[in-house]
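Please read the structure below before turning to the comments.
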Amino acid sequence: MTRADGRADDELRPITFTRNWQDHPAGSVLVEFGRTKVLCAASASVGVPRWRKGSGLGWVTAEYAMLPSATNTRSDRESVKGRIGGRTHEISRLIGRSLRAAIDYKALGENTIVLDCDVLQADGGTRTAAITGAYVALADAVAHLKAEGALAGEPLVSSVAAVSVGIIDGVPRLDLPYEEDVRAETDMNVVMNGAGAFIEVQGTAEGAPFSRTELDALLALAEKGCADLTRLQHEALATPVG
Amino acid sequence: MTRADGRADDELRPITFTRNWQDHPAGSVLVEFGRTKVLCAASASVGVPRWRKGSGLGWVTAEYAMLPSATNTRSDRESVKGRIGGRTHEISRLIGRSLRAAIDYKALGENTIVLDCDVLQADGGTRTAAITGAYVALADAVAHLKAEGALAGEPLVSSVAAVSVGIIDGVPRLDLPYEEDVRAETDMNVVMNGAGAFIEVQGTAEGAPFSRTELDALLALAEKGCADLTRLQHEALATPVG
Amino acid sequence: MTRADGRADDELRPITFTRNWQDHPAGSVLVEFGRTKVLCAASASVGVPRWRKGSGLGWVTAEYAMLPSATNTRSDRESVKGRIGGRTHEISRLIGRSLRAAIDYKALGENTIVLDCDVLQADGGTRTAAITGAYVALADAVAHLKAEGALAGEPLVSSVAAVSVGIIDGVPRLDLPYEEDVRAETDMNVVMNGAGAFIEVQGTAEGAPFSRTELDALLALAEKGCADLTRLQHEALATPVG
Amino acid sequence: MTRADGRADDELRPITFTRNWQDHPAGSVLVEFGRTKVLCAASASVGVPRWRKGSGLGWVTAEYAMLPSATNTRSDRESVKGRIGGRTHEISRLIGRSLRAAIDYKALGENTIVLDCDVLQADGGTRTAAITGAYVALADAVAHLKAEGALAGEPLVSSVAAVSVGIIDGVPRLDLPYEEDVRAETDMNVVMNGAGAFIEVQGTAEGAPFSRTELDALLALAEKGCADLTRLQHEALATPVG
Amino acid sequence: MTRADGRADDELRPITFTRNWQDHPAGSVLVEFGRTKVLCAASASVGVPRWRKGSGLGWVTAEYAMLPSATNTRSDRESVKGRIGGRTHEISRLIGRSLRAAIDYKALGENTIVLDCDVLQADGGTRTAAITGAYVALADAVAHLKAEGALAGEPLVSSVAAVSVGIIDGVPRLDLPYEEDVRAETDMNVVMNGAGAFIEVQGTAEGAPFSRTELDALLALAEKGCADLTRLQHEALATPVG
Amino acid sequence: MTRADGRADDELRPITFTRNWQDHPAGSVLVEFGRTKVLCAASASVGVPRWRKGSGLGWVTAEYAMLPSATNTRSDRESVKGRIGGRTHEISRLIGRSLRAAIDYKALGENTIVLDCDVLQADGGTRTAAITGAYVALADAVAHLKAEGALAGEPLVSSVAAVSVGIIDGVPRLDLPYEEDVRAETDMNVVMNGAGAFIEVQGTAEGAPFSRTELDALLALAEKGCADLTRLQHEALATPVG
């Protein structure tokens, strides 16, 4: 009853954050959760969308996408199909909501930060890797704006991390790779801040409906995983980059 | 600190199910949660999507939409814009997943049921009203197919109901109307089956992140609300219609 | 040679107007022509489209759509297809033109009224029911604007009603339900004002081309039907609503 | 009170049909109604749309479009906008319905003829010129198919012609150029067959609603105009082309 | 080894320019390269795109399209498909770049000229015919603007012509019709100005890759063809039109 | 008059090929031309597009795209805009044509290889880097298919490489970074095979038209650059990967 990659049930995959992966955006992080690789870029620009002009408040939004070559069998390109699928919409909205929880709009002032999360390789947990990496890119972008003197206060109110949990063959497990994800009876994505509070909880019965006891076990695993990720984010941000 | 409509914090709005509202679909229910009105139609057809042909298994899918005139200020028509928004996609997917949890595909055989949930008037909780009403329409459609001798077994494995809960001014409340929904710090939609197990849990920190204690209080309220809705669904289905 | 529903050849189906069916729009009417049900909403807003700004003139436009569940067999959703079909475009334009004939743009001032006509159940004559019901919703919206003091003069210059006529098995008949409509050799939709003048005449030979004599018989029937509808509209508007 | 181009009120503009204008389609006619120029091509192919397969019946359909440079001020290209406008849809459908009235589907057999009507220059009456020219192209395409031995019987059951009429400054007039069209109080397009029966009647009150007497006067003018066009079509088809 | 139409290998097809083919645009030319017919319209308007406002500079852009009936077998309409194909995009961009090389933006001032090149009949070389004809339409439009006193200086800095060349059965040939084009091993489109300098060179190995010697032979042929076309353009523009 | 990065005028930027960058596609190469980074994936699948079925021949196609975060200032996502731009179409077609020149369709058999070239960072020359990297990915995919026994013969007939050249301040230069590209008077992309023959030549006068002498100088530079790239490709493919 051990995991294919030898991990304990409450253990994350190897996590790496490569900061400044790209030259152009204010923040750019290649995050890896095992074989899942997501390029998270935080692009900052002066000004806000029209409906927010003159408010004195900033804005943060996100777009998630997957390269056709990222998946097991090649997937069609959404630009070629001419429309974005429901799954992509759903995840983009989740990332945006999650990261906005990290931000004090007033301290950001009328600046916009767009978080582009492009999955270069998918092996389960792409949305949670995207949120976790996007926070590091966002922190770098905020530091960049501060260094430029573009901000009056501190817009980062907390860190944000996310992890997937699920029940496989009756056993609750943390940070599911693709081969566990497809077999999970129940699947949950949890987003938390650095202080251990919940930002988003999304649980789905893929097979049989789940009990309150199972839900509680999954929440406990997720709390453990998010705490680990929070620590790794802080370590990554504390390490100077070239 | 009382609610604007005089309800107790753990009390549903007046709920009505008008069955056979339309003549054409196999099941058609106008569901009302207070002033929220959703027309739920279950259209049955022989055959399944191409990727499922020859499997012997049926299929259930859902589409959610809102009339332009349903909201406080008129909203643009998605057919005119030429694309479906992320929110619509997200809710259609949620309704489909939720109702598929009610179904034994094998007993349904190679038949497809499409659930159209069209919001005629919106006052908060449209997605949970849609799920709750769609179950009643689905049950009627299944009964219709059985009466026609189109089914071998019983495809309905349980009932499905959904409700919204949220924290307003620090107080957990059940079944939020629009004016409470916009003020909620935390907002959760919970889908459960008739046996009291969870099908879907979606909680979002609209304002401040929420603690595990708050999450537990919301889950308890939702369990209460779904149990009440389950009873009302069974009563509605037990009443003969003209 | 009698009609399936027992009506005389020059007799309308039972007609009902349920005003204030929705809470949000300035005017909202559920109109029924027999089993055909159309929800007509008149939403008013300050301002006009860009090409009309500064003219001092108002604007009225219309959008027609059909629920997937409204028809005999479920029809695909135009928002999902990503484009509006020719028939929908054609009818939306007809409704807009017809109702604009009721309006004095100058007295309306720079206000816009959008008429949404959503077919909830289709049994023939949906476009003529939509026009007839939209007039009642428009009258309610205008009354609403006047009560708010938003108008200087009286923008309603006349009432507008519409009816379908056709030749079935050689016999001219008024207000065709679906089962007559599909069998009609010639099919005509006529829009008239309350003074008995023509706003729009659209006649189509579905089977054999028609003679001038047949055309004259159909026009006479339509004149009778529109006069009846005009009377029913005025009665509906004269009845107070809760 | 004379017309700008010196015509009598019941007189057509100079009408020309240039057959075989293009080399590739089975029928190709450049039709001119004064300065209005429409290129009408009839492309024949073996087979019918899927929904008609195996019926033994043929199909005729039409597409209408306008070059950006055809109008007074350049209009945007619908392919660039990514969607076809309501007016284009409406006219394409009208042309298709009108020409289908000329055809015996059984004698056509499972062949499809597509009528492309592309307006190269617009000066009013483009839809009626398109229908009138498309008939000549259709006749040439049918002759072409017969010469190839592709048809068993005679699919052409009658000729089809169309003309616009309108009331300008209170005077009914035939075949309106653009400068009369924009000033018309009432505007009517009438499609007739060679035997003098009606295929389509579409009358619209552009300004004030119109009386039954005015309607009758317009219908009489249109009957005169269509008879003239029918004669010109037959002359054009009787003249050999190089 | 002679050409099907009897031409020498370095000889153009019969070339005609019919100026003022349409009444509305500032310049309108029907250009024919043998059986290839392209209608080139130059529409002038005051003002420039937003990104160029206030610069004092003009703008020239182009759109290329093909009638469905222009080709051997009918092609689908891009407006109906709802998207422009890659080939259309590519050619529109090529025409725009080529003609912009003829223009001094400063002398044009903040005016825009749109070049619409609509292929009425295709027999190879439609893009090169379009560029060559568009230059004549552009020259007419510029003359029109000058006659109106809308220009301060002379915006035309040189003429522009284009021709196709290719290697068929090992022999380099000028101005390929369709039946040669499909058999060409190498295919090149060359755009030059009236002074004999290159504006654009696009060579493609359709079959085997080509040597530098073959490339040089094709460039020499193209130089000859463009010189001939330049002379014909100047003759056409020197001839008064009615 | 030296280059900003210290290179000689006929010198390439540092070129690297990282093979097997992704796990899923049959070939995956991260190619770098200086700071330009393109991820090239070659995905193989059994079968060919419908129009090629039963021919016994294979197919190779390409799609090019750019991450929003790849450019100096963030660019909009084409999937969000709902349409692919002309530039993207043009480059995708160029890459496909270029790589098809490397392939013997008969030896490939009825297999399809899709080449996805996603620009992760742009600093000039993205299309030429994409072609050069795509060849290496294609070679790896072919080797993979051969190792699987899926191929009878050798489908690779030659290698393919591409480079940009341009004239900056009157000086011809090889392999332009962005800051040289925007200043180039003339800009040319050249695709060649490993035997030194031309596959595609695309030269554009960005500023003034160019003479035959300048064209010859650019072609010579490109021949030198492609020879260098060919050598580097062979070295990369000769090095074993983990």
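Points to keep in mind about this one:
Letters A, B, C, D, E and F mark the chains in the order given here, with residues in each chain numbered from 1 onward.
By our rule, a residue touches a chain if its C-beta (ideal position, glycine included) is under 8 Å from a C-beta of that chain, and two chains touch if they have at least 3 such contacts.
Keep in mind it's a predicted model, so treat the numbers as computed, not measured.
Counting steps between touching chains, the shortest path from chain C to chain F takes 3. Ranked by separation of Cα centres from chain B, the top chain is E. Spacing of chain D relative to chain E, judged by their CA centroids, is 33 angstrom.
Centroids built from CA atoms put chain D at 59 Å from chain A.
Centroids built from CA atoms put chain E at 51 Å from chain C. With centres defined as mean CA coordinates, chain B is found 29 Å away from chain A.
For chain D, residues touching at least two other chains, in rising order: 82-83. On the side of chain E, the complex with chain F involves touching residues 83, 85-87, 89-90, 92-93, 97, 101, 158, 188, 192-193, 195, 197-205, 208-212, 215, 219, 223. For chain A in complex with chain F, the touching residues are 22-25, 28, 35, 39, 41, 43, 45, 63, 65, 67-74, 77-84, 88, 114, 116, 118, 120-121.
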